[in-house]
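This is the structure I want to talk about, given as structure tokens.
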Amino acid sequence: MRRIAGSILWLLTFGSAWAQETPKKDDTKKDDAKKPVYVALVGGDVTTVTKGTLRGATVLIKDSKIHRIGHGIPLPDGTVQHDVRGRRVLPGFVACSAYGLGVSGWGGGKLSDMLDPYSETVQLALASGITTAYLELGFGGGFFGGRTMSLGQGSAVVKMAYGRLDEMTVLEPAAVDLSAWTQGGASQRHGVREKFGKAREYLQKLDDFEKRKSQNRLKPNEQAPSTGGVEQEVKLLKGEALARVSASTADEIRVVLQLLSDFPMKCVLVGVDEGWTLPEEIGRSNAYCILTPRNRVYRDRGVNRPNGSSIEQAAILRKAGVKFGIVPTSPMIDLDGIAGRDLLNLPLEAAFAVRGGLDEQTAIESITITAAELIGVSNRIGSIEEGKDADLIVLDGDPFDYRTFVDLTFVNGRLLYDKEKSPYFSHLKRK
Amino acid sequence: MLALLAAALLQEAPKTPDEVTAITQVRAIPISGSDIESATIVIKNGKIAEIGKDAKVPEGATIIPGKGLVAMPGFVNAYTAFSWSRSMGGGSTPQNLAFDEFNPALDIFDVLPRTGFTTYGIAPGGGVIAGQGLAMKLNGLPKEQMVVSRSAFLRIHVRADSSVKDMLRREFEAAKKHLDAEKKYEDEKKKYEEEKKKREEEEKKKKESGKTDEKKDEKTQPLQEPKPPQKPDARMQILVNALKGELPVVLQAESPAAVAHFWQILETLEGVAPRITYLCASEAWKAADRFGEKKATVMLLPRLEFVPFTHDRLNTAAELHRAGAKIVFATAGGYDAHEDFLSGVAEMVKYGLPREAALKAFTLHAAEVLGIEKSSGSLEAGKDGDVVLLSGDPLSATSRVTRVLIQGRPVYEEGKP
Amino acid sequence: MLALLFALAVQEAESTVAIRAAKILTMGPPGVLNEGVILVRGGKIVAVGERIVIPPGARVIDGGESWAMPGLVDLHCHIGGSLWDINDMVHPTNPELNTKATVEPASELLADAAAGGVTTVLYIPGSGTNIGGFGVLMKTGGGRTIDDLVVRFPGAMKVAQAWNPERGGGDLGLTRMGMWWILRRQLDRAKAYHTAWTNFEKGLTKVKPESRPDLELMRGLFQRRYPVIIHTADARDIMGTVRIFHDEYGLEVILSHGEDNAYRVAPEIAKRGLHMDVGPRLFDPPFWSFQNRIVGIPAEYWKGGVRRLSINTDSPVVPEEDLMFQASMAVRLGLPERIALEAVTVAPSKAVLAEDRVGSIEPGRDADVVLWSGPPLDVRSHVRTTMIRGKIVYDSRRDGRRN
């Protein structure tokens, strides 16, 4: 009996392997269903953002990821090829603060439950080269998409994956809102401090518990310490979450930096109009900023120090080593006719930072990789690198040239926007 | 003697006569098969007994001359809102019955048959999982006999909203648990039955051979009959039946975004096969690829939409059909909407929907939405005698409805009050 | 100290200044010059060319790689004063009012405008009533008082129909019927006044007409000494404007805004040789096109035959200093580059009958010259120096970057 069982076992393992070496006709049919889809963008100037620009190169996409980048890449049979010679290939733009893109009218609760993958705003975002956005619930939506009411704290990183709801939500919630710190008074701040203090205590206790556990020195029936209602703060201190807070004036910025010096964590300052007056302090804190170069805050001449906004802010902060993303004055799709101030022209806002002295490399990073980093998704989004998501755009010129349009937009390897086939801009031909 | 008397009595006992109607020489559009140029339709005791070119007219039949006319199955409007309730909740009330709100004495029912619509689905008012809709025929009989099914479909109204999604998830997951428990019990019971049978046979063999293997008897574990799972309450049972596919579902959504959110919930439940008709108010064409992929049934108004912000017409029904979806036309409007219905369908065909799909959309496919396709939706032997006679082709602008029979009973004749 | 500065300023104006630039877009007959020189004296341009000899003793401003352009001209500006002073909304028509009274020469908004290359603006009343009053054509800097800044008063008479006036001037005018009646009545009164005075001046009557300050300025419209600038919206409003102000009353007309598909009547505007001043909206929302297209408004006027075309900011709707950016956006949305640059220089100056003063770098014009760090339409370029009437009112290195 045992001998028979043994031979059966042998047959099962090696026999099946033997069977695999000669695939039956049925198996190839199964393989077809899982065959990878290859798409190649051939001959363009590829701005990887992180590793320079490759001229006249090819980007090969496999399913939803960037597979290979380079010159003379062999293309597998059946690769769908796009001739992009003379044009530029960039990672899809990242709007690190946005409203009303792909969010349906009046809903409630989580942002991911309110997404509308068929919204015109998603199409317009793709037409503007935006493939990923950090969305919040708040008054927004501009001309389209309805004004979404803020019915709860909601933020999410969302891809503009038209028609594919399941591919839209990338990260939710996307940031912890710390506005209680800046908008509240002393008692609010005391409350915030207390929470972070508790969180720190918890982490110390946990560390101690783990140490003693590994040394078998736990007391009888001792349980791990509980977070006791400060889970968010614990995540922040551990570096597992991102905080976000609005701060415009130098005072407001300093107040946030104070919190960060007591409790170091990954934090994004939004607005930062007077950041240029204290660049080294911001630089030392490692806080990220979200800037709007054209936001004008008038200088109060009665105050005895530099104040107000400055077009040179981005350049100044860059020198101090501050990392920032850039968003326009209207961080939504605005179709009421005023041109160039909303997400339809995201790169132009970064071009204004260049006007103010910022180098173009940092400017492009501020709407791609750095923007992705400060919303927490740079491991897969924001640059053209092997293994990253195939979110790519093809431009008909320099991204900072006011005449440049997006020709093609890919999200997760799929072509979701083609300027010639879409009604919005197909009538505008670049000379 | 007694036997003879009995026989005589039996012979003379008055027999209720068969009610037989025959429509002769009519051009029939049966829907279930090809059109028949000159057909005879025999209806006996409310059911279609025979339909065909060579069908014989039984003796004593009431004859309706059909020469020059066109016969179709009674039209089915699978989703109407006659006498909606005032209760508009946001909750889950699958146990609510449209039947309880249904008022059969509405004036509109007196005139609706003129439009050719014999059969109606009536949805319950209410919240997210609103309740069960009914199917009824305007056969002129009391309420209970008008209603062909009190539980024809489950109406669910979905929105892109966390509270709605959370509720649906909760309810479906609870129903799924029951479904899984049920299935587990079925599997275990089957195994038990097999094992029991096996042992009985072994016992039998042993008794016959006279051997007893005490050692073996000790080792065999006693068979445990599996316990049936706790039965779900009436409310939950409805959801279980919906997930099993036994109770059709009509999913109402304002836009394809809401449908996408519903699919997101459904995809987390493995092994369920609900029978869903999607009632997507507008822009269903945006999700044509997904509807087509799923070979879904989509219910629409027979009306053109526009390509957004243009004057270009868009035939949503044709787009969906092309992608592989099944089309049903319905209207929640009043009398006028039913009168104008056929011209809407004609426009659908004019702008690209194949004729066959268009005609099925308010007959057989609509009957399937309500789960009553065995009795309605086509001119076939065995189905209800619901027949509409028209003066010409149903899609012609000059055709009129001249006569309507429901379950064999004449409910409308042109010219007669 | 102030006296010294004042003296220096006077001296500056009287001595010769030579501006060198890598490229000069004169916007006039001299065309585009490479490595050219502009000579300025007494607040005027005296010469411009590629082979100019710089007189000894002249102060040289070496623009290096800069591009020189004439100072920009905006026909639709509301930021000359305090922003709250531009609508008196009791009567539906107010020809007796003007914006000169509200000018704030030291305004930060004007300083920012100058630092954005905008040197001449038609500062007009708002659109709260059908006739808001008269606007003043003025510089954005280079002086301490309004008189220092004025180019010409009146600049133009401001008329508004559609949308804004409907918010209530008190009288008729809730509908276009009422509005046109009010405007015609006003024009008739003004015309009669003008006729009466003209006859008296010519000696045709001996009876001196009554003097009415509210109608006095309107005489200039009939004499075509300055235009009427009309805030209009859709095609119906443009046709009404064109019929009444141009066809019936023979005035010099500047049509302003012209959104909401109004470009469909471009041929009617072109036929009459009228001027279209587009902005602040440069595109109509997609649904207006009935093709879901984003249609560029200035490009459509151009395609429809309109050859007198300018672009504005309607500041503060779009900040005044972004006038050049408006031109860039117009190009993006289909307007040829050359036309867009003309639309913010010579075209508006011609429309407001001031082309002898501003809008181009030619001998005899005011020395309003702007040096850009690169091609002016490129968003990455900024203004390095702004000169108004020969005086440097903004220098990015001296004053710090404003834009």
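Which chain is which? They are A, B and C, in the order written, and residues in each are numbered from 1.
Keep in mind that, in the parts below, a contact is a pair of C-beta atoms (placed from the backbone, for glycine too) under 8 Å apart; a residue touches a chain by one contact, two chains touch by 3 or more.
Predicted model, so just to flag it, every value in this text is computed and none were measured.
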### Query
Of all chains present, which has the mean Cα position farthest from that of chain C?
B
### Query
Which pair, B-C or A-B, has more C-beta contacts?
A-B
### Query
chain A to chain C: how many Å between their CA centres?
43
## Note on the structure
Here the gap between chain B and chain C, centre to centre from mean Cα coordinates and rounded to Å, is 71
#### Entry: Approximate Å spacing (C-alpha centroids) for the pair chain A, chain B
48
### Task
Could you list the positions in chain B whose residues touch two or more of the other chains?
308, 310
### Summary
Flagged in chain A as touching 2+ other chains are 423
### Message
Going by the contact rule already set, what residues in chain C reach two or more other chains?
### Response
286, 291-292
#### Entry: chain B-touching residues of chain A, taken from the complex the two chains share
104, 107-110, 113-120, 163, 165-166, 423
### Message
Quick check on the complex: what are the chain C residues that touch chain A?
### Response
108, 112, 259, 280-286, 291-297, 317-319, 325-326, 328-329, 331-334, 377-382, 401-403
### Query
For the complex, which residues does chain A have touching chain C?
143, 296, 298-299, 310-312, 335-340, 348, 351-352, 354-356, 400-403, 423-428
### Task
Write out the stretch or stretches of chain B touching chain C in their complex.
307-311
## Note on the structure
chain C contacts chain B in the complex at 286-287, 289-292
